[in-house]
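Structures incoming, each one as structure tokens.
You will see two complexes here that share chain A, one where it goes with chain B and one where it goes with chain C.
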Partner chain A sequence: MLVHSRKGKWAVWSLFLVLFLPLFALPLLVILAASFSSHWSGAFPSGFTTGHYTAATRGESLQALTTSLVTALAASLLALAAGTWAALAAASLKKGGKRAVDALFLLPVAVPSVVVGLAVLVAFSKPPMILNGTRWIVVLAHAVLVTAFAHQSVSAAIQRLDPAYEQAAASLGARPSYVLWKVKLPLLLPSLNAAAGLCFALSMGELSATMMLYPPDWTPLPVRIYAATDRGSTFTGAALAVVLMAATLLVLLAVSRVRTRASYR
Partner chain B sequence: MPALVWVLPPVVLLGVFFLYPLFLVVRQSVQPDTGGTSLQPYADVFASEAFREALGTTVWLALGATIGCLVLGFALALVIAFVPFPGGKAVAKFIDVFLSFPSFLITLALLFIYGTKGMANGVWTDATGAADGPFQFLTTPWGVLLAEITYFTPFVMRPLLAAFSQIDTAQLEVAASLGAGPGRIVRRVILPEALPALAAGGSLVLVMCLNEFGIVLFTGAKGVTTLPMLVYSEAMLESDYPAACVVAVVNIAISVGLYGLYRVVSRRAGA
Partner chain C sequence: MSSGIRFDRVSVAYGRHTVLDALDLTVEPGEVMALLGPSGSGKTTALRAVAGFVRPASGRVFIGERDVTGLPPHRRGVGMVVQQYALFPHMRVEDNVAFGMKAQKVAKAEIPGRVAEALEMTGMASYAKRFPRELSGGQQQRVAIARALAIRPGVLLLDEPLSALDAQLRSGMLAELARLHRELPDVSILYVTHDQVEALTLADQIAVMDRARLQDCGTPQELYRTPRTEFTASFVGNANLLAVTVRGTGAVSFADAELKADTGDAVSGATATLCVRPHLVGLGDGPNALTGRVAEVQWRGATHRLYVEVGGERVKADVRELRKPPALGDEITLHFAPEDAVLLAGGVTDG
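== the complex of A and B ==
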């Protein structure tokens, strides 16, 4: 299309591979390779071992994984509820009001997550609401951070929604709550699913705000990866990172299966 | 009126858990530990060498990474879209997966590739017999720059691929049949069409680079301090909350300003 000669095409493709492989594929492969080896002091890792995984799936590391999963699940559900509610309510406002609500809910994306962590720490370390030192502060900060993404994708989906469906239902005498529950939400289900997956993945990998907030008994996986790397156990860190990536991908895969099944309805 | 009532609960929640805490940060930034209200914390922070250095590092790293991401992302997306090859779909899918991983994994990986005992240095020392390899840039700002370009390039590629799929390939064929070379087609036909997507992707990446924390933290270099890193170290390591809040306010001002710009640009672009 752009390049017609056979030689030119191969030149372009090899340039693509030379850029793409070392930059994007190599990092993930290297983490995978390191997680299975006991030392790396030459061109290639050596000493095949699964020991890092045995360590990564028991004790405190296993606890960190469940902590991350529970936090991500709770934060995504909270964010999805608040973001969807806001998007649905804003859609029935006039243009100015809708724009104001949209801007308000987008703000957490623009504010640095470290600052969100600091703000939550400052606000909830004193009465009336003392959450500092509890796990709720971590869940809360994650929920705040991902709400913006939930709101953004649901509100984009609402915009694409054909108003004829709800108008038809309403003209047949359905109450607004019935229209919402039986018409709008089912139509939005695929995008709600996608938003849930996005929120979950973001929360699983969240490090910046978490570093400011986590109590000792609620250490999410990214913090544990940092702790391992910081004290020089990079191979354990790599194994933990693979566990994190695998868990995220598995949940995303499950969510996308739900989505395909939901879209048949 | 009822519509306005329905919108209240989520807005109140956001107010209590996000806007009010932000307000407290701003308030704390004008309340030094000695009590009272004054702009002294601002004067102190602005006067400190560490802050100015962090501000400079943050801005040039973000600008450099953004330019790098735009150039690289444009080139790679161009190949995927217009010089299609078997497996191109898989590459696009891989990029989506890449986006769902946290940023600090890249720095972790770079430790194995370019670290003092890593792969690249290992190849060098094996080949030459030297004691140390030539790759020692990981704990310098260049290491952060490489990690940021790697991690954020997909964020540019996604909107670009979407924009490229809108371009009618007949236009390219016509231009080619009239004698335009590939370089000219890219400049005169593809680039103008891709400009809105480039602007939107670029400003998003700029904001995310300004706010990036994980990559810098994992680099673990004392020599590389950015604004988010400074917020963290002032608050967590020095327990100097007024100073941390001042840096936070500056960081918010820069990022939110730029993000507003991004929204305007991307609305114009129709993205």
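== the complex of A and C ==
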């Protein structure tokens, strides 16, 4: 709600700060503080140390980070390709067909991710498709979970795309495939980029489906964080969480830099 | 390569709504045909049927001798320019112009020369490295025209190309388009517009459209001087349409007045419409005098437009700027020369 009087603005700002700080910012700050601490007896952690980071950035933890990055990258690329393809295909369908495709791609969001994880596990544990126990099942599950977001944001962008560009290109003698590669995809690039960032971030943080699927040699970082806190190593878990957060933010930042270059207007 | 356009009873319908009804029209090679009509008259649909963006429900579209009705847009070889330019925002001007040639796999060595030529022709050569967003509306439209001409089409389709420009730019671009047509005498142009000035200025032939149908077709002079339908008379030049009764050869009656006009072969006693252009109506007594009360006065700078109530109808008169315009309610007399009036058989229907 927009407020225009000066007093009203102050009131809204203070309400916002009262709600936002404790709910959004404070927990993250506490995690950050905990990751640098060695004791936690009072209200806040104390005793400065960087020891947890030494542990969190080598050995199995480092491997978990790369596992997470590779999984997220692969899953978001897969999701982007599938989601974009489906959105482009759906855009050329009639109303009924388009609605069916949209509904199909909304399924993984509507269904709890634990269920998606279980479903993928059950489906690919018997011949002829045995993916259970391989890293591919994790990548596949992540891709399934995030494709919905890719599909949704790309199909919204396609709807906003002025058909005049496509028609101008066609009238100049460009075949549909040429129009797709030289006109439509470049114009959709900012949205594709945003979708990629979203998929990446979601996949980096995915835990519930991953828990059901991950093989011992492919442990993503969220699973390690969960394991660490589960056995009571809060500080290690906090350090790992900060590493996960920082890695995700860095990638998102890089992606958004590409996006500003790609937006032409 | 010169090729005309031919519509052979082309109908287009969206669902049960007919937007183009059995259009028969021929654009001769090298001719400029204006499709003139109000919005929703089917003129843009006709153009899109040539470009291939709408599929006719029935009828055939020919470009030259080729039946293109079933061909997809990219195989028709027409150049098209639309109102909102539709320049590709991610390409520089030169890449926009080169797009069609690259898509059609024109020999690589040939492209830069033809890009320069097309930009030269539209006066945009010094803007080749710019992006579309760095150009004004008029400049963007020139690039769009250069892009369409670069593929050397036999047929150029222009869909309200000047509507998004301001009045001054529009008259400049109109002159440019006329010059381009003189430089490219082989290119047939189909020009869709709702602006009669554009159509009268540019076209060799004007097709007047209304409510999905072709109402009238002829040279600008024919349509303006001797319109065949009331719609044409009122849409092209905003004529007065007076409901008259024919009173023998060379005479009609309007309200209480007896007027002289060429009645042609109209039968005595029949109702008809007398069409008189407002700028051919003069102030004061004379032949074909009409007396009435002033209902409205509009000052338009160089002219005054008077609306005069005569026998229950409003007669429009455009007269040279008056020192002392009549006041509302004044009784004044108007006149027009008998040879400036055109009699249309059949009564006034509407418009």
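What we mean here is this: the second predicted complex is superposed on the first by the 247 of 265 C-alpha atoms of A that agree within 3 Å, B and C clash if a C-alpha of one lies under 4 Å from a C-alpha of the other, contacts with A are read in each partner's own complex, and residues count from 1 in each chain.
The rule we apply is simple: a contact is a pair of C-beta atoms (placed from the backbone, for glycine too) under 8 Å apart; a residue touches a chain by one contact, two chains touch by 3 or more.
Given the structure is predicted, the values throughout are model-derived calculations rather than measurements.
After superposition on chain A, the partners chain B and chain C are accommodated together without colliding. Legend: residue contacts after superposition of the two complexes on their common chain; A:65 is shown touching neither chain B nor chain C.
In the superposed model, A:188 makes contact with neither chain B nor chain C.
Contacts of A:24 after superposition: chain B is touched, whereas chain C is not reached.
Chain A is touched at more residues by one of its partners, and among chain B and chain C that partner is B. Put simply, the three-chain overlay gives an angle of 100° at chain A, taking C-alpha centres for chain B and chain C and rounding to the nearest 10.
Looking at the shared chain after the overlay, A:174 reaches chain C, while chain B stays out of its contact range. Once the two complexes are overlaid on the shared chain, A:75 sits clear of chain B and of chain C alike. In the superposition on chain A, A:196 contacts neither chain B nor chain C. Of all Cα pairs linking chain B with chain C in the superposition, the shortest spans 13 Å. Here chain C touches chain A in the complex through residues 51-53, 72-80, 82, 84, 86-90, 99-100, 103-104, 131, 133, 144, 147-148, 151, 157, going by the rule given at the top. Of all residues in chain A, only 162, 164-165, 167-176, 178-179, 182-183, 186-187, 189, 264-265 touch chain C in the complex they form. Remark: chain B residues 3-4, 6-7, 9-11, 13-14, 17-22, 24-25, 28, 72, 75-76, 78-80, 82-85, 91, 94-95, 97-98, 100-106, 108-113, 117-119, 122-123, 125-126, 149-150, 153-154, 169, 172-173, 176, 182, 185-186, 207, 210-211, 213-214, 217-218, 220, 227-228, 231-232, 235-236, 241, 244-245, 248, 251-252, 255-256, 258-260, 263 touch chain A in the complex. Chain A meets chain B in the complex at residues 1-4, 8-9, 12-13, 15-16, 19-20, 23-28, 30-31, 33-34, 40-45, 82-83, 85-86, 88-90, 92-93, 97, 101, 103-116, 118-124, 140, 143-144, 147, 198, 201, 204-208, 211-212, 222, 225-226, 229-230, 234, 237-238, 241, 244-245, 248-249, 252.
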